[in-house]
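Next up: some structures, all given as structure tokens.
Shared chain: chain A. Partners: chain B in the first complex, chain C in the second.
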Partner chain A sequence: MAERTTLADAGEIPVTSTAKYTESVHEDATARAFILSSIGYFFIVGIVALLVAAKFLWPSFLGTIPMLTYGRLRPLHVNGMLFGWLLAADMGLMYYVVPRLCGVKLWSEKFGLATAALWNVIILGAVVSLLMGWNQGFEYGELPFVLDVAVVVAWIMFGTNMFMTVATRKYQQMYVTLWYMMGTVLWTAFVYLTGNFAALLVTGVNQANLNWMYVHNAVGLIFTPIGLAIAYYFIPKTANTPLHSHKLSMVGFWSLAFVYVWTGAHHMLHGPISQWLQTIAIVFSVMLLIPVWAAVYNFFATMRGQWHQMRDNVPIKFLISGVVFYLLTCFQGPMHSLRSVNAIVSKTDWIPGHAHMAVLGAFSFFAIAGCYYVVPRMFKRELYSDALANWSFWLFLIGGLGFFVTLWLGGFWQGWQWNNPSIPFIDTVVNLQPVWLVRFFSGVLMFGGIAAFAYNILATAIGAGGEKATDGAAVAA
Partner chain B sequence: MVDHSYPSVFFAYFVFFLLASGALFFFTRTIRDGYWGKDAEEVKYRIFDDEPDESKPNERRPPNGRAE
Partner chain C sequence: MLRKADNSAVAFVIGALVLFFIGGILTTVVPPLVDASWSKPFENSDPTKGPTGKLKPYTELELQGRAIYVREGCWYCHTQQTRTILADTKRSGWRGVDSPVSTPDEFVYDNPHMFGTKRTGPDLSRVGGKYDEQWHVTHFRNPADLVPGSIMPPFPWIAADPAESKALVAYLQTLGRAKDWRPDGDFEK
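Up next, the complex of A and B:
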């Protein structure tokens, strides 16, 4: 493509220029509050994750203290990672990105800070209630009713601030990140209300169907669009090169909007729901490859001529690894929805492997990259340690690969055993110990990544490295 | 427990109708607003020009236009 060029090639001011971030008119107070608190939860809930993984290997670990049993810790891990870390980090990044894309200040920093305060109350309330066993009993919908209401209020506050900022934007045409952000606000409202309120009003198989619709769309219509919003902003930004095709990004957005919501029932294949509903879920699950490939191709094509940045640009390492994991997990999803594959892997450890590849490998990698990019700019300092950031990447990557691949293969192994009636169930549990051993040590590596990431960000925020001269290029990587 | 499957299903149809209508409306608006036209790629360069001009805060720019 003849006109294809980077801004650096064109001689414009590089985005990493010191002037660009020391003279910012953005306050970023809300973004700081969300991002720093989310990283704190990432660290704490990472410890809980290790405890949960250890219980697979040593079931009597931590004894019979109710608060430390698997049934209490596992929902805390899931909700803590989803809402305490990832969604909060994503919201913080949106508070940073949206005003900049709109060319205006955030509509209300005070309102944003109030949202951050309420969000922290919700997460702390979730920690107490889930450890106490106050649990609604729905997958991903464990939070008690009163906290569900608080989440809705906080989400309305977040959505109001975002939409009001967009409403005062300087440009009529909106970059694709804004489209995904607005989609996330609307879809989350619909998905969350369905999974946490509507599901209470029905019974039996209808309830299970609604619950799986919520669980699948929590990933597909909450974390996917906001994750892609982040990737579409930070890949061009950190690589300092324009997106390959904005038209293609819009194809991806609209195809995701029309396809994703129908897929949840593929978790109930071979179950007591009508065949037509199962078939619809299968067809739409396979059609997911359209929005996925539209996004992944666009990201790879954006990197054309820029792959050398993978050597020493840590945010790019996270972002591109996240794109690869996104492609892999979105290949797993449609395959899992096929009746023949589903008969093997459904309800096995393949499912948490798949979910972790999406939520950790893809969307958390995007969020981590975003944090590494924005925190030095928000605090107007260099990142505390580039070397530590690089360590965090490799710990996440190696630990993540160990986790995803082991559970991917282990899930098939487990499913084949379950499909063999001559193998007693308890034997299938015992046989999976080697898989869980790798899972645990992979978790240790990933927790090392979390610790390195959290320490680096905290040290940057408090200025532990001193006020170094802020050379733009150093901040970028 | 009282089962409200049928009312909730009808409510779900209603919500789907609302969302689908909204999606169709905004999708057709993207055509009018030039997201598929010859200037559609202009917007992707704005990402590198993301600090607002303080002299005219929160002022709308011309349709499809970059900062003047």
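Up next, the complex of A and C:
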């Protein structure tokens, strides 16, 4: 029952409590700033995503304006979603969660607000520079050097606030969310420096190796641990039930800490990089199943006896679907790294299907669930519309599944065609048109999900539903 | 002991960083020290050891062209690696001759590297010398004119700028040329 005590947050009101929301001792100014701005970028970059998907079907659409060509919009989509939406939302949720798990106020709200302001400057700078084509030429590392430096400064500011809050904590035991949060802060610092600074000092394959170490661990050691931090907090919290096992969560954490960093070279399988390094990357990629299955088992076991909540608890719907997508995407990952499978799926449209399931299906679902849970509490009023929240879930789920499944099937088929050199390359492009058509319309559904989510949160934040509910008992979501 | 460490933020920081750096250093710092071909430019004059040739540094013009290739994001759709897969050597080949696979020593002067991760258009690791300048400029103006069904976007502002198109074509013509793999040297200018 140790877990139950670790989740009894200072100033936090359990979902089923009849107490008033207004009793919270936390200011949450930084969390509000990060979460609201990140949702704004989610919406704007969602439009960019649709433009990018449309260009596969109508390649000359908006094509005569240099700023709006595929080569400029794609990095804007990727960077905007990763850093403008997901990482910022994750950071915002940490500003909410960490003080509550530590039983103290955030170390400094002013410093936090300055961090949020700097983060927004970085994202706006990124939009301008990517549209202008000021691209460094590294995947996930496109931003110009000045912005890289600003990201490091902002990250140190975030980490300082987090670690100082942990250092002044009242509860001695650190809940697993805090471990993942601290791991994210530490690893991200080094992973980011490797990909954006060390990579500039070398060339060729050496540079590519550092680049893939960064790209892989941007997902593996940034979005995975911070996403799991969120899932570990919000699954027990929204289901109002204790975590299954603290020990098992430690197994997951420490195996993730050891295993993830070795796998970067699996992005260059069969490519011009040393065979022994490819083999190491494959072995460690398969070992990734350990931290993944440890976490997923823990989540499912936590839900034991609580599955009926899947019916009407929207954050739980997002969280549990996110866990399923996490399990699937992290089963695909190790399988892709096997040479025989890689020879088919590598470089095909399968890969965006896989990547979107990780970043959208798993980690964005966790963040969305977190936003639905914390925004009513931060603004001390009921969620604007539970029905709209439910709509956003189904739009995301159906759109997401449409996107993932068609790209896997299409990508696998594409890989088979490539491996038959008697098929001219251009035929393999033309054959994929129906796949890209379904992908585009799946994207429209997902954008509907974004719009419903963003509208609901905004309406809650400005109090569009009136001040009907400061009574916590009414809130089921 | 374990329970005590479990409650200590300092023990946590040390553990998390040590585990990270074991894998981090062994996979990023060590490989270039072990494998010399990562930093030694390709050079071979012995035909019994495979294709002959020598990797030359890029000229000023080629570097300008490379910057355009980076700016326009060509690398989001075109990989530059002929992998150790039979079909890759056939597709990168030319007029019935299979291409040699890409090796690390062919990319020593590449900064930023342009290996790519997604192949929406064909791989370009051996495209140098396959098509002449006129073909490339026409292709940039509207790719579907030359390749019906192509979804490559048009780049009219490059085709209309002689300096840019000259530089970009100069860069493309270098790709895969370090290895002299085509029997009659039938390279286009």
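Following the convention adopted for this analysis, the second predicted complex is superposed on the first by the 454 of 477 C-alpha atoms of A that agree within 3 Å, B and C clash if a C-alpha of one lies under 4 Å from a C-alpha of the other, contacts with A are read in each partner's own complex, and residues count from 1 in each chain.
Rule of thumb we're sticking to: a contact is a pair of C-beta atoms (placed from the backbone, for glycine too) under 8 Å apart; a residue touches a chain by one contact, two chains touch by 3 or more.
As the structure is a computational prediction, the values presented were derived from the model and not from experiment.
Colleague: With both structures lined up on chain A, is it a clash or a fit for chain B and chain C?
Modeller: Clash - chain B and chain C, as placed by superposing on chain A, overlap.
Colleague: Does the superposition put A:237 against chain B (first), chain C (second), both, or neither?
Modeller: first
Colleague: Between chain B (first) and chain C (second), which, if any, makes contact with A:24: first, second, both or neither?
Modeller: Touch partner of A:24: chain B, not chain C.
Colleague: Taking the superposition as given, does A:175 touch the first partner, chain B, the second, chain C, both, or neither?
Modeller: first
Colleague: Considering only touches as defined above, state whether A:206 meets chain B (first), chain C (second), both or neither.
Modeller: Both partners, chain B and chain C.
Colleague: Touch check for A:272: first (chain B), second (chain C), both, or neither?
Modeller: second
Colleague: Which of the two partners, first being chain B and second being chain C, lies in contact with A:138: first, second, both, or neither?
Modeller: second
Colleague: Could you look at A:257 and tell me whether it touches chain B, chain C, both or neither (first, second, both, neither)?
Modeller: After superposing on A, A:257 lies in contact with both chain B and chain C.
Colleague: Thinking of the overlay built on chain A, is A:100 touched by chain B (first), by chain C (second), by both, or by neither?
Modeller: After superposing on A, A:100 lies in contact with chain B but is clear of chain C.
Colleague: Quick check for you: in the superposed arrangement, does A:245 touch first (chain B), second (chain C), both or neither?
Modeller: So A:245 only meets chain B here.
Colleague: Which partner, chain B or chain C, is in contact with more residues of chain A?
Modeller: It is C that touches the greater number of chain A residues.
Colleague: By the touch definition above, which chain A residues appear in both interfaces, chain B in one complex and chain C in the other?
Modeller: 172-174, 186, 190, 194, 198, 202-204, 206, 210, 250, 254, 257-258
Colleague: For chain C, which residues count as touching chain A in their complex?
Modeller: 6-7, 9, 12-13, 15-17, 19-20, 22-24, 26-28, 31-32, 34-35, 38-39, 70-77, 79, 81, 83-88, 90-91, 101-104, 106-122, 142-144, 147-157
Colleague: So in the complex, the part of chain A that touches chain C is made up of which residues?
Modeller: Listed in rising order, the residues of chain A that touch chain C are 55-56, 59-60, 63-64, 66, 69-72, 74-75, 133-139, 163, 166-167, 172-174, 179, 182-183, 186-187, 190, 194, 198, 202-211, 213, 221, 250, 254, 257-262, 264-265, 267-268, 270-274, 277, 280-281, 284, 343, 346-348, 351-352, 418-421, 425-427, 429-430.
Colleague: In their shared complex, at which residues does chain A touch chain B?
Modeller: Answer in residue numbers: 7, 12, 15, 20, 23-26, 99-101, 103-105, 168-175, 186, 190, 194, 198, 201-204, 206, 210, 233, 236-237, 240, 242-243, 245-247, 250, 254, 257-258.
Colleague: Okay, in this complex, where on chain B does chain A touch?
Modeller: Within the complex, chain B contacts chain A at residues 1, 3-5, 7-9, 11-12, 15, 19, 22-23, 27, 30, 33-36, 40-48, 50-54, 57-67.
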